[in-house]
Each structure stands twice: as structure tokens, then as C-alpha cells.
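Should a chain be cited, it is by its letter among A, B and C, assigned in written order, with residues numbered from 1 in that chain.
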């Protein structure tokens, strides 16, 4: 027999040694004789004998539990932007590799997730990467396993309160170039309507400063009574929390909360979705409850006042990129679109992946400081994938409302050889251009 | 190997330094102090040596604003003991500081003393060789690698042009570290906070020491214009390179 | 006030370093002001080296071949013996890797004042120095009075030509003092070819997308060779695989602080600036006069990078 064929029949395969079964010689159930093969039951079979140390280590972490719920349906795979960008990723794959004994805490899988939440949207088992990833990273950071780029960011934020490692004293320096007055609350602490939380990129990044100046002009034209924290503002901490430094997040949050408490204001208006997410959802856990709006929400609520000011037409074909932490995480899809629709002359086009299904720019969850790391493990950057889509839908302008994104997409426009074809603008810059 | 790392805080160069009204010193309002980056490398190298071959690491610094946090951070990274010297003048220069540290360490400091190769405010020499000379111990500056041996260490000293010289140095010794074998580690804030609750910082009173026997008469920022000075052609570029002493 | 000057000669691989002549030029000027002499201490040197030191009034030789390789312990003892023998008013030592081992140690042993990182020294009745401190952000003038002192001087502070004079200087030999032998020189390790550490370079030639194609990187490499520099790059150049990741400067690359950063066809994106804004001198070459790199550069040239490379390489080779 053996020499005849190396294949086994189904019956033979059933009877292999490690698939033993039990049969009771005599068995009667409810008067029916099921002796012998009629009561045959397979012994529970050990289908794998892998080391689950790391899977256990992960699911034992507070926040890491849901990784163990995955039943491999693969819904998340096409949803994951990292997989789309050639990263061989998504919770399904991470879980499978964990089952196979992979040391997640020393593996690229730990760092590629941008916490964009698109997988959670489709996952029937509610495997929640937004909880899993920060918890696992926090452990790795404590153990000293951090990619260099990210470590440097932590170091900068811990030392200076901003990821660029710039002097905290220079945080309000951008206002010197602003062509309208900006009230700095520590110097002029009288009550104010809006406390504008400017954020790192608006304060320090060249293109962010452009947007901050535009914001200042728009507020002034609208007659908004606003003030900023100036040198007393620190990073909102959201990216640090998601990247695995909860202690640093708390320190930053406590600092910012203490600053907020010094002043009387109606609401906080933030420039960025991460600051929005942090102040809205995370600061309250530390006792800091403040009314907060993203600037697109604040401005779209003033449409009757805003619209008449938008007089100069902007006759370009524009598409909009939903930031994960404004859209999917916090459910705001309409405010930025309302502002764009109010722009005279605009030709607005949606990208294929938009709103709840929006594609991630790659900057979230600490991705801003894992750029080199991610590039090593993916075939393209998420921002590049997105820019190609914007070009494909025929847009001339890619509008954004997250301060990280201008830098990411402008860079991706160059790296995908789309120089001159696509301009990246913050919505506030477009509004500013439309006001005489 | 029992090691001591000397930590010094220096004006942070991310700030725009300004001169005060006396014209001889930095305007305190323009200054924020941070750990000398080379000292951070010295600490990292000491921690790596400890992790590789056992021993202890003691860190020592002059008292000052935020010094506790700096010392707790060192403990969080893995140092065993922190020593704070009370009452020393942080602007006294390295001559005075070397004397203060040597006295605070009872003229000892274990088998190996490590500190940064230099600091931004070194106006009267470097700390490592000064400490070495006071203790009568050999000292090597610009060290980029330390390998422990029996009663000695083998070190790499960086010379010009990327050439490295290897020396064997008998212990006890003093080293001025240029760069640790790896990027100085990061101390997660939660760990620093935890250490702050549980660890203590020992204190010792500063000895009176003699400072540099000379005075600063003026401090001025070098003249630089706003923005780039535009050059007209390659000839001018050559002149600039020449003036910078690189060709 | 009268007085003499003692200059420490530095040598490596059998030849004197530029710093020796820079210090000698400086020392001669000082000695002139004092009405004294300028002596060079040549430790572990050769006859050929001594002959190059014609500018000195006296060459004091301590040890020969056996001490050719620098070792801080015997060099320190030898220099101490030289100072004791000649009692100079000023000792000039380079603020270099070798000099850093010696200057502070000798200051302690001789009880002399030491001013470091000097870029200027003025003699006369009192000695006044200017030190470049705080990462080059401050020039600090110090009055060292009339007491004998040691000065450690930054390379490039004085022209080397002023110290270069052939001719047979007077040579005096001084016995080497005994040393404890606690430091033993083992070997020199030459940097491995191809394995450039851009964070350890004095000069970087950085290229950006302005370079256009992989083949044209050669142009920058030739310039780098003429400058004794290494080639660094922006991220797009590395992304394209034209240069290895170890050459990338910026936010997601390496942070560099060379003496001179020559940026060719680099626009100056904030992510790139994060990696190089600490360079002592930034020179930018860009065809676009509005490129943001000019906001951080100390010197700018609005020209085609290829023309600049070619001309500059030629000019350097002609020198």
C-alpha cells in the first residue's frame, strides 16, 4: 500500500494517531441503541501547539483583552489602511501571528497601527485596536523597546512640551508675524469668549503657522473674542498617549487643565482633531471637563455671519480628507463639508473613501513620528496612497482640517510626483482666501 | 565596577540667549537649564556597563531648580543612588565644580568616574580632566566606547577625521564621554513619577573651593544678520569656507 | 610685561596637524607683543617635523619614535616638564581631542588659569581672551590678568600660513620624565570605507531633489571628496534608494551638527530642518530664491547646483 500512493483517503486521514476517537461498546440513549460506531466521538483535538505567551501577555493587559476575541473573519483586512499600503497588516493578521507565538512586543506589528479605527467599524467581535495598541505600547515603552524616532519625540515633549523640541517660550512667537492682534491670556487674563488651543503644528511648523495666521484673520473678521495660552500651552498629549506614553499624557493633560482653570471662557476651540479628542474624551477622566469644539464646528455654527464674508470666489476643484479623530472617532463629518460648501465658486468632489470609511493619512496614533519606521515595512506611505486618490478624483486642492496633514500630504504630493497638480490647504486657509 | 556620573546643567541652546544689563553674563530670564547632553551619554554608557558587567551607578549634581527631577530621571533610567550637593555656585566654572564634586565624593567616586566630554559653558577647561588631575587618576576625553576588563577598561577615543585610538586604562580612572554606544534611553514619565514616590536623594553640603582665577569682562553674541547673507558666485563661497577654517 | 610663549605641536600619522601652525602663528604674535620668544614643544615627533617648525624660536623635543602615538599620560608629563623648564607666560594648546586631554590636567598640576575654546588672544600688559561658548551663540571675553596661563584654542582661529616657515630652527632636547604607565596605547582604528557616520562629520554636502537623478549624485560626491566631507541627503533621495538611510537628515532621519552644512537643491521643509538647524554654518544653494532653506541658512547662493558644484570642486582642487 505504502508504495502505491503517499496520499491518504479521507477515511484513513480520520484515523491518524493524533485524531483518536472514543466509542462506547454499549450505549442506549432514550431507548435507542447507539452502541459502537453510532456513538463515536472524536477526542478534543489539539490543533496547534504554539507558544501563547505573548498572546496571553497582551490579553492580560487592561485594554488588551479584545485581541483574544478575534475569530478570523477577515472583515478588517480590506478596511485596514496599513494593509492597503503594503504593510501586511490588520488585526486578523496580528492575532494569527500572536497565535503562532510571535513576540508582539518586539515586533513591527506593535508600531504600524495608526489607531484609525476603521477595523473596529467593521469587526463583528469588537476587537478594539484603539484600546489594544496604546496598552501594549505602554508596556513596550516601559521595557525600553521604542523606535528611535518615537523616543526622540517623547523626549522632546517631556522636555519642551512640543514634539519639535522647540523652546516652549517661543510657542507664541508665530503671533509676531500675525497681521492682527492675538490676545495672550497669561498677559491679559480678562474673561474671553473663546480659548483657542493653538496646538504644536500651528505654533511651530511653517505651514501650520500659515494656518494659524489665517485663523487669526478669520476670527478677527468674524469679531470673535478669543485668546490663547501662549507659552503656557503644551502638547495636547493625545498622540503621546496613543503611542504608549500614558504618564507623559497625564502630565501634559494636568498641565493644560491647570491652565484652562485660570481663565474664564465660554468654550475651548481647537485647531486639531487630536486636541479635540483629548480634551473631549480624555481630559474629563482626569477631572478636566471643558466645552470644546473643533474649529470647523465652531465656524460652521456661525454660518449666517460667516457666509456673507465669503465674497471672493475660489473656483477650484476641491476634495476633502476626513481626519480619523474628527470623523470616525468623534462622528463629525458635516462641519468641514458645510464650510467648504459655503465657499463661493468651489467645485466639491468626494473621494471614494470618505466619511466613516475615510482613509487614514498615517499620522495618527504616533504615526507622525514613525514615518521612517513605517516606510521600512510598507510599500508606500498612507499619505501617498491618499494623495493618489485625490488626484484620481480630479481634485486640484486637497482640503484638510488637521494640522498634521498639511505636512504629510504636501510631502506625499512631491513623493508621488504630483508637484503642481495638487495643492494641500487647510480649510481655514481657503476661508481666509475668500474673505476680502 | 562602581561608577559615578557627574551631571551638570547648562543653558539650553534652543533658547535665544541674551546678555544681561551688566554685559558680562547671560540674562537669567532668557536661560533655561538642561542636563548637558554629553553627560546624558556618560550616564547611558555607565548604565550599559552596569547592565553588562554588574556594579553600581551613582549620579551627582549641584542643587538647583528642577535638579530633583533630573536626578529622579537618572534613577528611573537605572542609576542606584543620587547625590545632590547643596550650596555650590552653579555659575562658578569647572575649576570650582571639580573641587566641589571631588570633596562631595570624599576624594573617591568608585572605580570609574564618567562625565560629558565638554559642555556649552566650559570657559575654564573641562570637568573630566580636572577631576582626574585632582584625584591623581588617569583621564581620557572624547571617549566613544568603554569595555570593562580586569582592573582596567579599554576605551575608544575619537581623534580627528573619524580615526579612533584605543587605550587600555588602569582603574580607578576618569572618562569624558563623547557618545554612548547607543542613544541615551528614555525614562517613561510614569516610571519617573513612581521613583519620585519611592526613592530618596541624598544630600551633602558643598565644600568651599577655589574658582577660576579670572573674570569675564564682556559677553556678546557673534554678529549675524537676519536671514541668509546672499553670496555672489562661487568665489565668495570659497572665501566663506576659508573663513570657517574648513578648507 | 615680558614673557615667553610655549606652543604644543600636534601630529598624527607622521605629520604635523594644521593646528600646530595656527598656534605657532598666534604664539609668535603674542611673543612679539611680550618681547619674548616662542617655543614649540614637540613630543614624540620626528626630525622632519622639527624642520617644518622654522617659525619657532626654539623647538623643544621630548622623546621620539617611541612616543609617536599620542598617549595622554606621557604627553601630559612631558608637557609639564617643558612648562617647568621654560616657565612660559602663555601655553597654547589646541582645543582638539588630544589637547582636551592635556590642557585641563596641566591647569590643575601647574595651578595656572585656563581659558578654553579661545578664538582670539590679545597680549600685552594683561592677557585677554575671547572664547566661543554656548554652541557658538556667545563670544565671552575674559581678562586673565598678568599671571601665567594656559589657553586652549579652537581650530581655525588663526591662519596656519602665519606659522609655516621652513628653515632650521634651534632644537633643544629635554629628557622625558618617567610615567606610571596607567594608560597604554593599543592601536588606531581607521574609519571603515563606505561606512560614513554623517553625525561625526565636520562638513556635510547635503543633496535634495534638486539633484534630479541618481547618476548626478556623483557630482556631489566629487565635491564632497574635494572638501573632505560626506554626502548627506533629504528623505526623497533616500526613499528613491539613491543613498542609504544612514545618510538621511531630518525628523525621521539623523540629527547632525557639522561645522558646515552645504545644502544643494534642498527646499528646507520643516522636517528636514529639524535634523540640521544646529549646524554651525549653513550654506544653501537653490535656484529658487524664495526657498525656505534661505530662512535658516547663514549664506545663500541662488544658482544652479551643478554649476556651483563644478566650479567649487575645481576651485578647491586648484588650491
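As a working rule, a residue touches a chain if its C-beta (ideal position, glycine included) is under 8 Å from a C-beta of that chain, and two chains touch if they have at least 3 such contacts.
The structure displayed is predicted, hence computed values, not measured ones.
Taken chain by chain, the contacts link every pair, so each chain touches all the others. A count of C-beta contacts for the chain pairs B-C and A-B puts B-C on top. Among the chains present, the centre nearest to the common Cα mean is that of B.
In this assembly, C is the chain whose CA centroid lies farthest from the centroid of chain A. One inter-chain figure worth recording: chain A and chain C are separated by 48 Å, centre to centre, where each centre is the mean of the chain's CA atoms. Chain B and chain C have Cα centroids lying 21 Å from one another. Mean C-alpha positions place chain A and chain B at a centre distance of 39 Å. Annotation for chain A: residues touching 2 or more other chains are 165. Taken in their complex, chain C has these residues touching chain B: 12, 17, 69-73, 96-98, 100-105, 107-109, 113-117, 128, 131-145, 147, 149, 152, 155-157, 182-191, 197, 200-203, 227-228, 259-260, 278, 280-281, 283-284, 294-303, 308, 311-312, 315-316, 319. For chain B in complex with chain A, the residues that touch the partner chain are 12, 14-16, 32, 34, 183, 185-186, 188-193.
The residues of chain A lying in touch with chain C in their complex are 149, 164-165, 204-207, 369, 371-373, 375, 407, 410-411, 414-415. For chain A in complex with chain B, the residues that touch the partner chain are 138, 141-142, 144, 146, 148, 151, 154-155, 158-160, 165-167, 169-170, 245-248, 250-251. Remark: chain C residues 209, 235-236, 239, 245, 248, 251-253, 269-271, 274, 292 touch chain A in the complex.
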